[in-house]
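Notes follow once the structure below has been shown.
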Amino acid sequence: MQDLLYFFQQLINGLTIGSTYALIAIGYTMVYGIIGMINFAHGEIYMIGAYTALIAITGLATLGIAWLPLILIVALLCAVIVSSSMGWAVERVAYRPVRGRHRLIPLISAIGMSIFLQNYVHLAQGSRNIGFPALMEGSFRFGSAEGFQLSLSYMQITIFITTLVCMTILSLFISRSRIGRACRAVSQDLGMANLLGIDTNRIISATFVIGAALAAVAGLLLGMYYGSVDPLFGFIAGLKAFTAAVLGGIGSIPGAMLGGLILGVAESMTSGYLSGEYKDVVSFSLLILILLFKPTGLLGKPEVEKI
Amino acid sequence: MATPNFKHALFCAIVTLIIAYPILGLNLVAQGTKVGLEGATTSTVISVVLAAFVVFFFQLFRDSIMGNLGKLPKLNPLSGREPMPQAKRAKLESWVLTAIVVFALFWPFLVSRGSVDLATLVLIYVMLALGLNVVVGLAGLLDLGYVAFYAVGAYTFALLSQYFGFSFWAALPIGACLAALFGLVLGFPVLRLRGDYLAIVTLGFGEIIRILLNNWTAVTGGPNGIGGIPEPTLFGMEFGRRVKEEGNTSFHETFGIAYSGEHKVIFLYLIALVLAVITALVIRRLMRMPVGRAWEALREDEIAARSLGLSRTAVKLSAFTIGAFFAGFAGTVFASKQGFISPESFVFLESAIILAIVVLGGMGSQIGVILAAIAVTILPELAREFADYRMLIFGAAMVLMMVWRPQGLMPMRRIHIELKRQE
Amino acid sequence: MNTSVKKLVTAVSASVALMAAGQAAAEIKIGIAGPMTGPVAQYGDMQFSGSRMAIERINAAGGVMGEELVAVEVDDVCDPKQAVTVANRLVNEGVQYVVGHLCSSSTQPASDIYEDEGILMITPASTSPEITQRGYELVFRTIGLDSMQGPVAGNYIAAQKPERVAVVHDKQQYGEGIATAVRDTLKDGGIEIAMFEGITAGDKDFSSLVTKIKQADVDYVYYGGYHPELGLILRQARQADVDAKFMGPEGVGNKDINTIAGDAAEGLLVTLPPAFDQKEENQELVAAFAEKGEDPSGPFVLPSYTAVQLIAEGIEMADSKDPFEVASALRSGTFETPIGTVQYDKAGDLKAFEFVVYEWHADGSKTPAN
């Protein structure tokens, strides 16, 4: 019984972190689906979202506002606005001018952007870890008070629900709205979509903005859940999210969700039953194995190499 | 004035404000045990606003500015000149290179020890960048885990000397070959992948190797690293004040001169110089050989190259292995220079710096890469107050280079044969 | 820095270098090597502020053997590669005494060069035992060792008679070193170690680790590492109702842990050097720091001050500027310094360096633990 509860606790831990990986992974998967490049700077946009949320929360606290829903809404709005603008600007500055050139060129540009943004925040805000105030505490508990108690915190529940809501809205948006339809058309065939009168530049900008907005949501949630931010944490989270996107099949939105959850659970089981030291080794190995044996991922469509 | 232009300019200016002001203008600071907000200095706020204005006006008059820029006389007075005939150019180039090498041979005897030591570091980066240049610049394979091979070279020497008492000269070929073997083994499965997947996978490999080095405490010392790595010897002569190993003599006693720590530093510099020259020559040779042409062919058009009968795996693998080999070279020299290595010297950032050197120098161009290695290593030393901005500038430079000059500062010129014009 | 530009320009001609060497006779150069930039620059500031103060005060009191002390400051960014570069630069400058470096991984490769070049080095901050275990003559420190701090923490925990203890570390030289020392002390005390595990420095998600600690049902958790990770572990442990007591080394004892962990930092046990700036005999010195607008309470400020003072007193005692003679003077003498009475053993370690167990509070203050 004890061991079973322990297992479930680790499962919950894994699913929580997995669902935020999924939120970040959306940004990778949508951009890759449309213009076929890895947006290396996406992890940094997530980090900037977390910073902005913290700045907003601190600002409200300074003003003496303590009503939790208001704080959350304002922080969320600020994070989403700043991150989306960042996503838009990054695409404008670093990716649009090099679109259509040799595959290496946008990729190197993206790595440069990632290094730039990391150091931009590092210089502006300092390199120290800054704590998020604890806004949402408390948890549901299961199991006898004597032994191991399973706890499901309010924060974890919030993360699950928010992720589900975001994913549902996004899926509906992609399948029903005009822009969503245009997105799908562009990802099928960019040139053709252009010929048919779709403003492809706008659609590409839109995917960057949507991806950045979801990353900002993840930034706020994770900042509150873990408790601190620093300028370097976006990079590794970005890599993990990219792994999740590849695992689920890059270009596929349900795939990103699935990949995120699998990766999160794999990580928490590794630290739960083996050792935390090997957590990153496991996720990178998972990435390599997937790319080697099933490059299309779990839910991805096989891609024909175009000339 | 066109209205859409105005609207777009306004939008861009607002976006600039949004992305710059919260991060730059509102600083999170620890106030006792709480986190508080502090407004930035007035000058920061003014520059943010100024930046927004600049963006606004640039976007507003974008068309005319860009148009006028094109009409400006070229800044470089040489740009309009006819390219030099190839034979003359090649001759000039080899003269210049020889002159540089000769100068580099005598230079350390004239300058201070610190400069020589820094130059050794530059040469290590030159080796690394030349090696990575084969992989990225020539073969077009983006390797983000290049530092792993560097680590393999360094750790091979450190472990061999610690457990089996190997000297530098014995470990140098072993380290390089082992790194090449790693390249071969790792490369074999991953080279089937497309460019961007390859980048991610190599990044993953680089991290895995570093984590394993860090966790395998029993053998590698984990985070404590390995110390006491011997310096190179000259025919069994050691350069230390006291002879560390049985049977060796010391350099200053053999020649009956006073002990000076400079001998060691200069000797190490000369070794690095020789190795860097060897690296450059070997790669230069390879570039003109069929395999070098095959690398470039595959980079330019994989499908066409394959239909001409080139084996994709063999060609890519050769580039990967050769790149790894020279990283192993550099790693061995690095371990010997430091005398102490730990996993923190082999982080992803190091890979990014080497990549930045290759990109800035011009992918494929040897002279460009050498100059970039010198610039990237020396400039932060000269301008210490900008040391904090170093990585920011690297990042920005990588983006700008890709946008404006993807061929690099000194682009590679392909060697070609010119037919004599018929009179 | 301007001097390096100047140096590179002048270095071309050897005659200028000779002139510089001639000038150096009238003064005693002390190299100060530590991080001025980079992620740990805040600790470097402590080192520079302490050393500068000592040099100023010694000069004001007439210098050493009638000669003035001159600081040569270099930035190693706490990067082993840079450390070697700046060590060579100090050799260039004709420096014979160095206060530094800060990070153990920088001190170790740099000390190889100093020992070989006959330069006396005193590190005010590197705690790795390895540094003084290599039989070097000229390497000293003004700070305790990981292997001294570990047993203090281990014995404290053992004295509380816990049933089971978890030991966690961040897989870095400092953290793992102390955690290993704590584990060994506890084992000798016959206490069961329920887990001994590393985490990844820079990680944010410790929910799995916390669950594991909870499952192991331990009474104490010892964490070897720095405050950013422990702050998160404390916070996430509180959230998961872990009721074990946490303990850490001096790397966690700084107010930043309160901004991260919040109330969860209450009751954290920390081993720290005694607060030198609270000592009565140091009050005059503390006032001098306050006058300059600097804070002497950082853990490395007064050890750095002491390092300079020891060099000065060592020279006077040996009545020679030869580093080897100064080193033997330091080994034989007894010195009264701001960090207490200093005596050195053969390896160059302090014979006694006290660590005290403090209890940390949610408002960032600390009280001695009973």
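Going in written order, the chains are labelled A, B and C, and every chain counts its residues from 1.
As a working rule, a residue touches a chain if its C-beta (ideal position, glycine included) is under 8 Å from a C-beta of that chain, and two chains touch if they have at least 3 such contacts.
For clarity, every value in this text was computed on a predicted model and none was experimentally measured.
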Pair exhibiting more inter-chain C-beta contacts, A-C or A-B: A-B
Central chain (by mean CA position): B
Distance between chain centroids, defined by C-alpha means - chain A, chain B (Å): 31
Where chain A and chain C are represented by their mean Cα positions, the distance between them in whole Å: 39
Residues of chain B touching at least two other chains: 30, 34-35, 215, 388
Sites on chain C at which at least two other chains make contact: 38, 171, 198, 256, 258-259
Chain A: positions in contact with at least two other chains: 128, 130-131, 133, 277, 280
Chain C partner contacts - residues on chain A that touch it in the complex: 2, 6, 9-10, 13-14, 16-17, 127-131, 133-134, 137, 139, 141, 148-149, 151, 153, 155, 222, 226-228, 230, 232-233, 236-237, 267-268, 271-272, 275-277, 279-280
Footprint of chain B on chain C - complex, ascending: 1, 4-5, 7-8, 11-14, 17, 36-38, 75, 77, 79-81, 84-85, 88-89, 91-92, 105, 108-109, 112-113, 116-118, 128, 130, 134, 171-173, 176-177, 198, 255-256, 258-259, 362-364
Contact footprint of chain B on chain A as seen in their complex: 36-38, 48, 51-52, 54-55, 58-59, 62, 78, 81-82, 85-86, 88-89, 93-94, 97-98, 101-109, 111-121, 123-126, 128, 130-131, 133, 239, 242, 246, 277-278, 280-281, 284-285, 287-288, 291-292, 295, 305, 307
Chain B - residues contacting chain C, complex: 30, 32-35, 110-118, 121, 214-215, 217, 222-225, 227-228, 240-241, 261, 264-265, 337-342, 344-345, 381-382, 384-385, 387-388
In the complex, chain C residues that touch chain A: 38-39, 42, 171, 197-200, 202-205, 207-209, 211-212, 214-215, 217, 227-228, 231-232, 235-236, 239-241, 256, 258-263
